Amino acid sequence: MLNLAVFGAGRIGHVHATNAASLPSIRVRYLVDPIESEARSELAEKVGADIVEAAQVFADPSINGVVIASSTDTHAALLIEAARVGKAIFCEKPVSLDFATVETVTDAVERSGVPCLLAFQRRYDPDFRFVRDRISDGTSGPLEHIVMHTRDPAPPPRAYVERSGGMFRDQAIHDFDIARYLLGEEIVTVYAVGNCLIDPEIGEAGDIDTAMVTLTSASGRFVQMINCRRAPFGYDQRLEALCAHEVLYVENRPQRGVLIADADGFRASPPMNYFIERFSTAYRAEMSAFIDLIRTGAEPLATIRDGLEAQRIAEAAVKSVATGLPVRIGSNWRP
Amino acid sequence: MLNLAVFGAGRIGHVHATNAASLPSIRVRYLVDPIESEARSELAEKVGADIVEAAQVFADPSINGVVIASSTDTHAALLIEAARVGKAIFCEKPVSLDFATVETVTDAVERSGVPCLLAFQRRYDPDFRFVRDRISDGTSGPLEHIVMHTRDPAPPPRAYVERSGGMFRDQAIHDFDIARYLLGEEIVTVYAVGNCLIDPEIGEAGDIDTAMVTLTSASGRFVQMINCRRAPFGYDQRLEALCAHEVLYVENRPQRGVLIADADGFRASPPMNYFIERFSTAYRAEMSAFIDLIRTGAEPLATIRDGLEAQRIAEAAVKSVATGLPVRIGSNWRP
Amino acid sequence: MLNLAVFGAGRIGHVHATNAASLPSIRVRYLVDPIESEARSELAEKVGADIVEAAQVFADPSINGVVIASSTDTHAALLIEAARVGKAIFCEKPVSLDFATVETVTDAVERSGVPCLLAFQRRYDPDFRFVRDRISDGTSGPLEHIVMHTRDPAPPPRAYVERSGGMFRDQAIHDFDIARYLLGEEIVTVYAVGNCLIDPEIGEAGDIDTAMVTLTSASGRFVQMINCRRAPFGYDQRLEALCAHEVLYVENRPQRGVLIADADGFRASPPMNYFIERFSTAYRAEMSAFIDLIRTGAEPLATIRDGLEAQRIAEAAVKSVATGLPVRIGSNWRP
Amino acid sequence: MLNLAVFGAGRIGHVHATNAASLPSIRVRYLVDPIESEARSELAEKVGADIVEAAQVFADPSINGVVIASSTDTHAALLIEAARVGKAIFCEKPVSLDFATVETVTDAVERSGVPCLLAFQRRYDPDFRFVRDRISDGTSGPLEHIVMHTRDPAPPPRAYVERSGGMFRDQAIHDFDIARYLLGEEIVTVYAVGNCLIDPEIGEAGDIDTAMVTLTSASGRFVQMINCRRAPFGYDQRLEALCAHEVLYVENRPQRGVLIADADGFRASPPMNYFIERFSTAYRAEMSAFIDLIRTGAEPLATIRDGLEAQRIAEAAVKSVATGLPVRIGSNWRP
């Protein structure tokens, strides 16, 4: 039996807590969330956890691992503390909106030697893994370039935007991560354009809602990304990997398997809406991987350093939009 | 230079005349249609033909072949006459609505030895030929069963229905032909149900608008057909051939290559509407085959005997609906 | 807290037991299966059930309902006994391979007044329900005809075939049920052809592997079914409902959302393989419906009488193949 | 009757000459091509043209228009001469590989007042027009961004590459044009990356085979382009236009309408291969538009100035790859 503590009783905390609780021989012992709410009580009851303060988690030697799914501004301190007391860590991205803090925390966690999985769930999605495996085993031939589309179903509320760190750090960071993951090498040039074309409130909050990004890798390969805060049909999350022998497309997953045909044509269902549903399998696999990491030390698909490197690209994209120029980056580059 | 005469200045006569005229070294010398109309004048001018009586065609030794695309009740006499004077024949189905006449004419044409192509254009469609070739060359493995859908975009006018010979002889005859063509053997049992579910006028004209047919072949393989006078999205003409190694589907061809996505989902274009457009390539290939038949004797894909055999199945389907029983047929069976 | 007992530790018993156990406030108290096996022990442990004899289940007043997922030859006796002692019943189809027994048991269960859900899971599938709802609420316009395809991925082992009751009672019974369900009326004529075209072992076991069925409803509407023990690409389970305003297609669900493009074209993933995976959502919904039935008396989507009526059609199909003739049925018809 | 002269007996000259010849009341009077070849003789015979020198065309007052489909290095002089003598002009892109020449010739043609259609055939394609019309009439809502993919089926021969002016001027120029056409405004910033990743011979010829381009329009909207000299599945030519109410996708057109299903999944046909086939309808429409331009003065969809503006973007892309920086352009910018 392994004992876990979950930080955060919001949407994504709910996903991770219930996934953990459904696994055999896993107990969600504690739930930590400073805000008293019905959601918190219900989640605690559902998974059989006690609602406690963070200090109690870190002081309890029976706790094997912590799941950090609380608000972004709490991540860094929780990571540091977990590393200090030696708890295995499952952490939602981003580590911090401040890049220097990300670097400090990453170093601290790595030095501590605690097992740590960064929750880039797309790496655990069966479709993305299929693509990755097929490229890795040579079936597809050398990967030549990548195109990614990430569009949210609708602009987020202004309050969310204001705390999000901006579209690159909040949304596009998953694409930056997948670019590195599939290419198997680092990005050296980032060019991004961004604008507020859809929702004026996003502009007033100082953010953009539409962006296009071009990445160049160390070996001279290219990635293009289209990022947007709205798609008229719902959540749009696709990838196209052009390899020498074949092209691999990760398509959207439809809500329904029913096709409707009338005088306007053949209508397929909109895609699953939204990431919680689209990546439900990935979230379960990710939690299983965390358990394996604790039990057997099996390497996670994404580490805290992967989080740092994806965020470095996000920082470069922010700078590129601000300056109108491409940004060259390397392991020493910081914003 | 080959000289042709075309009988019939209607929709399908227009297709065949213009296809013939567009071929190198082919001259559409005569157009025969008893009804004076703008369509007739325009077609004659377009292809450079003289409008004449049938007798002139058959008396003119420069005419190498005749295209019979006039009304069904004229086919038999034109076939007999063309066979008598030795003109190559391209004939639209059906030969006659009276099965005994079909038999008499078929025998006469065959005895005359004139080259004769029966216009089952589906056999000349690239998609159907692809399926046929892939089965014939063994790629697909043995053909085990067939499912076909034929639905018109909208019920035809009552006047058309009254002259059509009924849905089996008029529409389903193409499916009966394709069944024989792909199976490569004869049908021995026909069961059909039919009803007037869509357009009461069709029922008043003594016909059905919805039918389902089950065919059993000599070797015990099965075919199912769905035939209907309406599909809400337009013309529906599909085939599914289940073979031991793979399934082959002939799909509808979309009008446009544009997909539209909104909150209701992803909308593909309705199919081409209607057979004139869907089978435009087939009609051209069929006319080329007729020219090859005249020039080199190259065997046509469908003969007048194929017309007779398809119609025999249609007659059995009519009887099956009338009696509520399956009908066993053989080469001596007649209605 | 409701207490259930599950009969049968095989594939489908496993599905139902684990679905029940995952629901809040449901306890799978007993597992009954006469055959000692690792599967039985593991399932009992997984859901926390005791392995007991049937008698203990029926004698225990704390048991609220029984799930009958044992071998077909045990269903009738378990249904009779559960009805006698007043336990709510969830029963896998078929009730019995002997139609007279089905009638006797159905009458007994109905007379007893115990709540009883017959496990036609397709009625609980979100896609089939979407179709049903859209027809029921008038969106699609009147339903005019139905086409269904059910093909297994591969022929079952001979031992399975021998105990199955034959393809109509074992596999096609789901299609017969959906036909009644969507049409909302009874079937009055059944014509079926069947043959052993794929696997000679099935023929040696006295069964068929390929069948085509035509049903006519009381109001004169038609249904066509294609049933087969093999599809080259895996499990093929589709429906096409032609209505006056639109056509609704229940499509196969793909295994993966990855498209692969190379010189041979664009390749989409094979469908989910097999019914356990394809209908996993339906199985969960069905178990929830059973709990609702116990708790609130909410009517199930399928009753034991629906099982009887679907089986009546299956019996008529068997007779049609044997006689080569359509079979007219009514509420008094029996084989 | 209108008389035309066609310059160039190569692949595209063949398309335009035969399309012109197939139109009613159009005569292809002359064919001009300095290279004696079988192709030239056959084309002349097919369309009934005399093979003559350019001078004869310009001296013959019966010639109403010229079709310039000869090698790129001849375009400028032919345009100047046609403008001088007052012949209507149909001209293949590009006007010249030298931008200053493009400007000079454009000015000269415009000053002459001769009707002139620039052959950006994509504007005449029914699918692209459908998209354009649907945006223009307000159905789709405001256009927010565009993504385009253009990949050739296979790298061209080195000799072609050397004369082509490079991938941006030769291939991507169509995408630059469509960007302007759909946006309805000018491009002000161009960022491009390019590399030789596929075919070393292209690199030796000083060109690139893979490029990604980001365009920003005057009003701040974005366009992304993926351009490549190879796609593993054939010719890839797609567009995605995200508008406020819907997304419009111009898809590839399949070679066949047959789907093949086996254990590896469902395989759709590769796309039409290559532009001659994919845009055959567009080429016919374009020639009809040229005839309308001569006859009625109906404005063409693309003018010589559109050619100049698309090429300005191409020049900026070339510079961007060379400098690694985005290039700001305006109506006075030149390379």
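Just so it is clear, A, B, C and D label the chains in written order, and each chain counts residues from 1 on its own.
The criterion applied here is as follows: a contact is a pair of C-beta atoms (placed from the backbone, for glycine too) under 8 Å apart; a residue touches a chain by one contact, two chains touch by 3 or more.
Model, not experiment: these values are computed from the prediction.
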**OP:** Considering only mean CA positions as chain centres, point out the chain farthest from chain C.
**Re:** D
Original post:
Higher C-beta contact count, A-D or A-B?
Top reply: A-D
Subject >> Geometric centre distance via CA averages, chain D-chain A, whole Å >> reply: 42
Original post:
Rounded to the nearest whole Å, what is the centre-to-centre distance of chain A and chain B, using the mean of the C-alpha atoms as each centre?
Top reply: 58
Original post:
What positions in chain B touch 2 or more of the other chains?
Top reply: 231-233, 245-247, 260-262
Subject >> chain A-touching residues of chain B, taken from the complex the two chains share >> reply: 231-234, 254, 260-270
Original post:
If you look only at chain C, which of its residues touch chain A in the complex?
Top reply: 22, 24, 46, 126-127, 130-131, 245-253, 256-262
Original post:
In their complex, what parts of chain A are in touch with chain D?
Top reply: 141, 144-145, 147, 149, 151, 189, 191, 193, 195, 197-198, 210-212, 214, 216, 220-222, 224, 226, 228, 231-233, 242-247, 324-326
